[in-house]
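Single-structure report; data block below.
So that you can tell them apart, the chains are marked A, B, C and D in the order they are listed, and the count of residues begins at 1 in each.
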Amino acid sequence: MDQLCCLCDFEKLALTRLPKPVADYYGAGACGEHTLKLNNSAFQKLRIRPRVLRDISVRDTSCEILGSKIKIPIGVSPSAMQKMAHPEGECANARAVGEKGSIFILSTLSTTSLEEVAECAPDTIKWFQLYIYYYRDATKALIKRAENAGYKALVVTVDTNVLGLRYADTKNKFSLPPHLTKGIIMYEGSGSALTSYTDELFDSSINWEDIKWLRSITDLPIVLKGIQTAEDAIIAAEIGVQAIMVSNHGARQLDTAPASIEALPEIARAVENRCEVYLDGRT
Amino acid sequence: MDQLCCLCDFEKLALTRLPKPVADYYGAGACGEHTLKLNNSAFQKLRIRPRVLRDISVRDTSCEILGSKIKIPIGVSPSAMQKMAHPEGECANARAVGEKGSIFILSTLSTTSLEEVAECAPDTIKWFQLYIYYYRDATKALIKRAENAGYKALVVTVDTNVLGLRYADTKNKFSLPPHLTKGIIMYEGSGSALTSYTDELFDSSINWEDIKWLRSITDLPIVLKGIQTAEDAIIAAEIGVQAIMVSNHGARQLDTAPASIEALPEIARAVENRCEVYLDGRT
Amino acid sequence: MDQLCCLCDFEKLALTRLPKPVADYYGAGACGEHTLKLNNSAFQKLRIRPRVLRDISVRDTSCEILGSKIKIPIGVSPSAMQKMAHPEGECANARAVGEKGSIFILSTLSTTSLEEVAECAPDTIKWFQLYIYYYRDATKALIKRAENAGYKALVVTVDTNVLGLRYADTKNKFSLPPHLTKGIIMYEGSGSALTSYTDELFDSSINWEDIKWLRSITDLPIVLKGIQTAEDAIIAAEIGVQAIMVSNHGARQLDTAPASIEALPEIARAVENRCEVYLDGRT
Amino acid sequence: MDQLCCLCDFEKLALTRLPKPVADYYGAGACGEHTLKLNNSAFQKLRIRPRVLRDISVRDTSCEILGSKIKIPIGVSPSAMQKMAHPEGECANARAVGEKGSIFILSTLSTTSLEEVAECAPDTIKWFQLYIYYYRDATKALIKRAENAGYKALVVTVDTNVLGLRYADTKNKFSLPPHLTKGIIMYEGSGSALTSYTDELFDSSINWEDIKWLRSITDLPIVLKGIQTAEDAIIAAEIGVQAIMVSNHGARQLDTAPASIEALPEIARAVENRCEVYLDGRT
């Protein structure tokens, strides 16, 4: 086998090993996948401007993110149900990220409980991704568990009041493999489609007031994931969240939305350093 | 068979079931089909700007179009000879549109009489698409029939003084299948090509005066279908038509014309709310 | 066989019937054929803006070109050695153009003598395309023959001081088929490549003074074919030529030159009606 | 075999004759090869503006570069290990360039010693490409050898403080074929990858002070190869180097850097004739 050199080598290999519905679940974008292609192609309009003749014998990519010192300014975004890809799932990922000195964000839709991930990777900086559930008490309980397990920030996904249409999942009648532990998620129905799950538990009324409520019940820093316009970024900055993650949910929510990298400049300008700004990948 | 998820799934499937001349008739654009491709690709320059954290638990897409309350702002444009695709043809389509609470526009080149469509789908909001025929009395009679049968507006196609060149139809020597009822159309010649039909019956002298004449003989709202420039939109607004449908006739009339979505902004700005403006699809 | 509907249908069919070196000769552009592709693709940035509701029952495409009334504003540009494609060659083309009421431009590199073409198509408006040869007396004699035979204008090609590199011709060791009459051309060497021919007979010193000399020895209107910049168009207008044909020689001379349609607007603006401006095709 | 007409013909043929790791070494760009594609495609936005009717019977492409009169303004950039392609390697290339009256730049990573190249091609104008090695004394010795052998300029590569990632080399475990003379390079390790070589010998601390040091130890003109921004070009001009070669190292160093032709205009404007500016190819 050829040596794996780049992300696309890993991606190609993974697709040969994963069952089709799983590969499709990880790979699919919403609807016609216009934004999915755009997430990649939009980078091709950009150029690095290489400066030369600088002493780079000592190179340091470390920086501070929400008060944590990390070694590289690249973390791992939340992605759901990682045990579908490998039996060690979220734990393996969290440990690997820790070794590289960066941040691991655990998805609410994890196939490993948040406490187990914390135990497996005690030295990794861990954040917890949160959907605000219809049942606010359950939501609150989840936050308390994250606090107790040592998670350092809440990453609140704000672009999923309804779940995006992913045709591949529909065609595959995608469901969570039944032998997998359901980890954090509280829904104990049949092996139904993710859409049924989110339809029943997600709250499509979520709005800025709910962010203020979150603000009031936890001292963890709040990161809003899914901001795509300067208008919303300004509201976020004024409400006092600690950070914005510019994201189109890996092109899985609303097709024909801008590429994340297209949305980044206007958002960065709009917040004027009032909060931190990150870019969510999948390009 | 895979579940049908999007328009293109239906389109692909339909192409496997329709006889080639019929599939070609529905599918072809004019000449080199540059505008046909453009009708689709022009959308790729546009981005939806997703706003987040709004309470969307109650969603309402209804609106009022020419005084009728409809449930979604998407109707069905006139397309000719629908019984070539399915024996229930225009009736089935009209009923389906009614169930979704929108507007069905019946083509003059229908394979079902306008009265039969009205009877089959009494609760559907129906508009009637009109070509102004060389024989003005016949045109007038047709309008009266539409009024009597409860059609709520006249959609006057203004971009077909001569019929567009569609190479596939020429190569297939396309003709209306003889076993089909001719519905509304009055021409009783042999199974000749559509071009012969329109050459004999359509009037290439049609101009703004004819629109004023129409205005004088009916109280139905008039929608001009086929406006593609701000200049013509302004004349339409000044003449007092109720609505403009920005359309390039599904790219079937004049190749290298703009995509409808390219023409929309200048037209919307030009009419300044003096009349309603719709976008004709086929993208 | 399918009915032939468009130019590309004819082109495809012709390529199946012509010997490869001949098809390559007609088809090739210079070098990497960037401009060849551009000659076509540059049109895709343009849109016709369709106006509607005009009385077009009487349509007239006629116009006056250099004092001749023609039925359509599209003529036939000079192309070399037409008997390679068909035994009737230039004569058949000239007659066909006459039937359509337009202008036929005979190439200096014709495979039929200019007198024979004149005899075959007496009612066709004919212009004569001229290269200024190294031998000025021969050039002058050629002009007199064209005048005597009733040609109505001289189309002087100004972009061929050296012949463009066409790789296909080089690879095919392209030569004029020996059984063909050499028509106008005076070179009686072996069946050598066109490049040898032009190397020996064409004059790479040709400049604006030569145009003035031409002006002084003939009363025929002069059309400069091969102008591609506003700068040169202004000189042409000041010198007093009757017309400019914006042309990149069918992309056969200098690769990476602009598409003709790209160069047209700046040239049309620059000459300000001081002379007529035509667009050379092959797109 | 078809006659070879253009660079791409030679390239295609060469790829059929070179062993895969060698073809890959010469052909590969860094990482995803975005800049490699861009180096070519960026030219397609440019157009030559052809002027006509100039006397071009006497054509002269000669010019003076760093005081040397050359016949065409195109030289041969340094490329490494040319004996991998042909046993005569750098010597053959140097002689050929001399015959054409241009400049040959010998790579530090030559497979022929600089003295041998000088002996083989005594009449060729030769420049020497230099990496500043970790061992400054060795670097200095190399410069003295180049001076003594009659090289006329030092081309200092400034974009390689660390070597670019070329996936093909990694996958092929690329190494210098052991039977080849190592020419100039001083490293006598095993047949290890180029990356190991450069990691051990190249100095990633190289900066503008080192250019001043070079300036102080030699009277040869200094050309900085690898400048890609106006900012660095200005520094170079102020420091007093004789020339800048705008280059992205054939797209082999930093992927997503601009095409050289994209970077050229801002650099040419910035230096305002204070030094000569060249464009490095591989397009």
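Heads up, the rule we're going with is that a residue touches a chain if its C-beta (ideal position, glycine included) is under 8 Å from a C-beta of that chain, and two chains touch if they have at least 3 such contacts.
Not measured: the values here are computed from a predicted model.
Participant: Could you tell me which chains are in contact with chain A and with chain B alike?
Facilitator: Joint contacts: the list comes back empty.
Participant: Is it true that over half of the residue numbers where chain C touches chain D are used by both copies, so same, or is it different?
Facilitator: Different residues, largely: of all residue numbers at this interface, under half are found in both copies.
Participant: Report the inter-chain centroid distance for chain A and chain C in whole angstrom, where each centroid is the mean of the CA atoms.
Facilitator: Between these chains, centre-to-centre, one finds 62 Å.
Participant: Go ahead and note the Å separation of the Cα centroids belonging to chain B and chain C.
Facilitator: Centre-to-centre distance between chain B and chain C: 44 Å.
Participant: Give me the residues of chain D that touch two or more other chains.
Facilitator: Residues: none.
Participant: Could you please write down every pair of chains that are in touch?
Facilitator: Inter-chain contacts occur between A-B, A-D, B-C, C-D.
Participant: Show me the residue ranges of chain D that touch chain C in the complex, using the header's touch definition.
Facilitator: 2-3, 5-6, 8-9, 43-44, 46-57
Participant: Could you list, by residue number, the parts of chain A that touch chain B in their complex?
Facilitator: The contact residues of chain A facing chain B are 31-32, 34, 158-159, 161-162, 165, 167, 170-171, 203-208, 210-211, 226-229, 231-232, 235, 248, 253-254, 256-258, 262.
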